[in-house]
Amino acid sequence: MASIQPVVLFFVFGVLAGVIKSDLKIPEALYKSLSIFLLIAIGFKGGVSMAKYEIMEVLPVALSMVVLSALIPLTAYPILRYLGKFTQADAGAISAHYGSVSAVTFAVGVAFLAAKDEPSEGYMVLIMALMEIPALVTGTILARAGAGGEKTQWGKLMHEILTGTSLYLLVMGVIIGYYAGMVKLVSPLDKMFMDLFMGVLAFFLLEMGLLAAARLKVVAAKGVFIISFGVLFPMLMGAFGAYLGWIFGLSEGGTMLLAVLYASCSYIAAPAAMRLAVPDADPALSLGASLGVTFPFNIFIGVPIYWEMAHWFHSIAV
Amino acid sequence: MNNTIAMKRFEIVVGIEQLEKLTELLDRCSVRGYTVLKNAGGLGSLGIRDPGDVMMELENVMVVLACKEDQAQRVLDEIRPALKKLGGMCLISECQWVEGPAVSY
Amino acid sequence: MASIQPVVLFFVFGVLAGVIKSDLKIPEALYKSLSIFLLIAIGFKGGVSMAKYEIMEVLPVALSMVVLSALIPLTAYPILRYLGKFTQADAGAISAHYGSVSAVTFAVGVAFLAAKDEPSEGYMVLIMALMEIPALVTGTILARAGAGGEKTQWGKLMHEILTGTSLYLLVMGVIIGYYAGMVKLVSPLDKMFMDLFMGVLAFFLLEMGLLAAARLKVVAAKGVFIISFGVLFPMLMGAFGAYLGWIFGLSEGGTMLLAVLYASCSYIAAPAAMRLAVPDADPALSLGASLGVTFPFNIFIGVPIYWEMAHWFHSIAV
Amino acid sequence: MNNTIAMKRFEIVVGIEQLEKLTELLDRCSVRGYTVLKNAGGLGSLGIRDPGDVMMELENVMVVLACKEDQAQRVLDEIRPALKKLGGMCLISECQWVEGPAVSY
Amino acid sequence: MASIQPVVLFFVFGVLAGVIKSDLKIPEALYKSLSIFLLIAIGFKGGVSMAKYEIMEVLPVALSMVVLSALIPLTAYPILRYLGKFTQADAGAISAHYGSVSAVTFAVGVAFLAAKDEPSEGYMVLIMALMEIPALVTGTILARAGAGGEKTQWGKLMHEILTGTSLYLLVMGVIIGYYAGMVKLVSPLDKMFMDLFMGVLAFFLLEMGLLAAARLKVVAAKGVFIISFGVLFPMLMGAFGAYLGWIFGLSEGGTMLLAVLYASCSYIAAPAAMRLAVPDADPALSLGASLGVTFPFNIFIGVPIYWEMAHWFHSIAV
Amino acid sequence: MNNTIAMKRFEIVVGIEQLEKLTELLDRCSVRGYTVLKNAGGLGSLGIRDPGDVMMELENVMVVLACKEDQAQRVLDEIRPALKKLGGMCLISECQWVEGPAVSY
């Protein structure tokens, strides 16, 4: 009954390497290659299992959960702006990060379920891919509404959001996986995108550990509020996600994954979009909170808690 | 020095996202040669840019350009107003071009 | 009865990413690593299945097909020079590209056969590796014969051709695969070079799509003749290859692969050699045609057509 | 050239393991802008350094820096003694800074 | 009964590519990625099989073999200094290289045993990881004792040794593998770290061949003594290692691996440490000997010889 | 500026396939120091070279070199005729070498 999976130990050793100043370095090209792999593989896996559903049956539910995720930045913003006393730009940018999702946290959640042999809905991946859109749009509006300065270039921003690498690769993976599932030609591709998934995730988490160690130092200097926010806000959103999942009748595994999506926050797509949309926000703040605090919290403590939440909701009624 | 031509040397540093605009501008000035060094980092009015930071993805380019005096004035006239949008830095210095077989200035 | 394999969808999404200007980028080091992998793996697979033949039995047939492939540039040249009105340098360089082969097109052909469970001769790989030689030599002669300017440095050129990365890796893969097959030690290496083949091909096709999208734009500006050539000439050569394969008594699968070899054209070895041998040729032209037009044509439309051709020849007589 | 300011241009090459010390030194001189080119190789008193040699792992960085005369003297006074520890090379030349929107010197 | 494994042919082709000046190049990022993979995978494998032992039972034996390995540089130094007439710095630095180990040579040894289906003790990996420490410390003392010049910065050096990439990744691999073995969650990670091991090793050996070809040229210019040393000293140490393994009651496979560890020498960790600790030593000399001479000798000739040695010792008494 | 030596600064850009010939040439002139920046691109008489274009594989290198006047004349005399074969560009400018512990010029 091991609650810590071997794969997350790679993250621990990455952090440790940063802390003890080991000269361990992951080549930039490897980091980028692994992240391309993970996004495609996550999408592909989801797409293959979506091939088992009538797509039109699940779409309304999936889209509802995407639309409702706009509530995340709307909740985060007032907390950050009025309790945290952040500038409008920073509060909006951080909201966008927390409304968005972390594919790697999701992957750790999937691995957690796999170790427990718990099934989940394949279309959670599609929700993940699409959740970026309301989060980044809402966050930008919050950051810019009424503010002076240059006008937001919405065309450019929407292009960045809709064609951004992570959304593109996830959706591509879903479509190809779905097609492969339909025509029953998953087989030679699964050797790469499914069998190697966990091993690639291990490497990636090692690098994430190195990156998080560097970020944590920076965010610690930004004060205790942002750290508390990085721990408490995901718990709140995780509970909200679990509640929604239960309401919408997802399986226990799916409920937990929705909680993970709501609780996790972005450190790839959101920073790129916010750099463009809210250049006056401080990226060290949002990245520090999401990568330095919330990401480690989620993969170690959050994921098991969200599982308990899902379990609890499913135990109250049939 | 013999066999050399007095010229102006431009050294321009901008964010890589501006490189296309910059080379278009140089094309408009009918510049016939320049050298591009990517993967540059640095410190400027917008803070630190480090292309090795995979999370931030901020990269500069340095463009080095040698041209004759009259051409140089044209480049300067075009680039000065453009710098406002491009950000970054532009230095000009004196240099001697060693005559070779090709004329790419 | 799916005629489009999931793996070629990766190419489609690569092209699409280029068209919609997604910021998706494959790290250069990944692209090079994947191409090294594919060349070794293609060679290895071929070598392993060659271990089943008496090598001296197949060598004459294989070499004949290699020698006959010199007819490809000899056919292409007059068409390009007199119908297409290209300069001698350009006509020769393009001929060299079309006489040479594309290992990735070959790999798509192999995947097509695998999905149909159709066998083929392992030594087709050896033919592929060696076909570069007559193509590049003939193309250079055509480009330079009688032309003034600097003399062709044949020593340097032959060194480039014979030690070039793609020929070297293919031959190396064949030899190691052959040896491993003979001593029955294929086993731990196949986990890499066989099981992962399709997954690696998927990544590679994604990048090829990005590259082709960029090339197509350039070649479109060069006029309609080169585009027509890029579609019609491979069909002609494919038919010729299928005819030869049938004459030489290859299996249906082998016949189709020979058609693919004759129809496909190079975008890695040939550009490197032509840069050296025919520096006054315009690489945008030859690369644009081979990568922007013929490559996509072959993997989507050509491969199934060459299969039909092989089928047709084999149905006329026993 | 109009709209330009006469400045000094520093061009410093050191081993990458010294880069942190160098930027700290520049910070101490209140330098407000510089450009860093990594992955440099070269020949010097310590022999050949080639960042492409995976076994040796020797890499240089080039730091280019434009600043005003008075600032330049301060940088020179700091960097000259430090070069002993840093190794490497430091060149100074004249240049003209093209005035842009931001002041990062 | 093949004595040469297919995987070492990749090394041969790497050397050949260097000799015939092929333009084959392995991207730097790939080389670094593969070496990270190999170190983790070697550690992981060892850790998983260590999970079968009572750790406290094997620790004393393992540590003894580590401590005794300090004898290697102590033997090498006088030979190099007084027979070879090398400077104190060079003799010390080379001693450090030969006292240390080569993880890839070890991997070839493991592959050799795997092809013979011979078992070995998993904790050999731990010995390998730790052997670096006495070797580098002893080598540095030998190089610097009594010498003038700057004082050795022991703090910095010990930090470099203890947090250096190879030691760190090996130990990390061992710990995660051990944990995964204990909690019985090896399964999804083994698809990466075990199944692909040989394939990754193949790529790595190809690059090693390229590197060795370049090094051999340099070391050949340094005279015949260092080349003889690079062949004979490993044989001596291999015999010593085999003797120790037999004394300590290791299995035949384990005895052979200990011989390999004692015989092999470092070309990654040691150069980095010596650059710091003995900057006045000539790296072309130590790297040339270890990578250009001893490494190829060991993987082709040494490994089978060490196996015979292990066999011979085990045949003298029960 | 005190403690500096007046020198010539060469800035040479050639295709990477010519780098070996160039460094051999510099060796022949007994040059004792230079810095090499690979992965450069640019525009010249032979068109655009972009090391990021994996299909074309065209890469430039920039070599920066500081040396004394007499040495400079020797380098110039050697490099001018060689440029015909090497292609590329060579600029010369004035600079001050900051005296450090090592003499690598």
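Per-chain numbering from 1; labels A, B, C, D, E and F assigned in written order.
Note that contacts are C-beta pairs under 8 Å (C-beta built on N, C-alpha and C of every residue); 3 or more make two chains touch, one makes a residue touch a chain.
Note that the structure is predicted; figures quoted are calculated from it, not measured.
**Student:** Among all the other chains, which ones are in touch with both chain A and chain C?
**Tutor:** Common neighbours, chain A/chain C: E.
**Student:** How many hops, at fewest, get you from chain C to chain E via touching chains?
**Tutor:** Between chain C and chain E, the shortest chain-hopping route counts 1.
**Student:** Work out which chains are contact partners of both chain B and chain C.
**Tutor:** Touching chain B as well as chain C, we find A, F.
**Student:** Find the chain most remote from chain E, comparing centres computed as mean CA coordinates.
**Tutor:** Between chain E and every other chain, the largest centroid distance is to B.
**Student:** Distance from the CA centroid of chain C to that of chain D, rounded to the nearest Å?
**Tutor:** 48
**Student:** Between chain D and chain F, what's the gap in Å when you average each chain's C-alpha atoms?
**Tutor:** It comes to 18 Å between the two C-alpha centres.
**Student:** Taking each chain's centre as the mean position of its Cα atoms, how many Å separate chain A from chain D?
**Tutor:** That pair's centroid distance is 40 Å.
**Student:** Enumerate the residues of chain B that touch no fewer than two other chains.
**Tutor:** Within chain B, residues 37, 39, 52, 93-94 contact more than one other chain.
**Student:** Find every residue in chain E that makes contact with two or more other chains and list them.
**Tutor:** Within chain E, the residues that touch at least two other chains are 27-29, 32, 196, 272.
**Student:** Mind listing each pair of touching chains for me?
**Tutor:** Every pair of chains in contact is listed here: A-B, A-C, A-E, B-D, B-F, C-E, C-F, D-E, D-F.
**Student:** Looking at the complex, which residues from chain E come into contact with chain A?
**Tutor:** Chain E residues touching chain A: 27-29, 32-33, 36-37, 159-160, 163-165, 168-169, 172, 175-176, 179-180, 183, 185-186, 188-189, 191-193, 196, 272.
**Student:** Okay, in this complex, where on chain B does chain F touch?
**Tutor:** Residues 1-4, 7, 9, 23, 31-39, 64, 66, 93-104 of chain B touch chain F in their complex.
**Student:** For chain C, which residues are in contact with chain A within the complex?
**Tutor:** Per the touch definition, chain C meets chain A at residues 2, 5-7, 9-10, 13, 17, 20-30, 111, 114-115, 195-200, 202-203.
**Student:** Can you check the complex and tell me which residues of chain C touch chain F?
**Tutor:** Counting only chain C, the residues touching chain F are 28, 31-32, 211, 215, 267-268, 271-272, 283, 287, 291.
**Student:** Where on chain D is chain F touching in the complex?
**Tutor:** Touch residues, chain D against chain F: 11, 13, 37, 39-46, 50, 52, 60, 62, 72-73, 76, 79-80, 83-84, 87-94.
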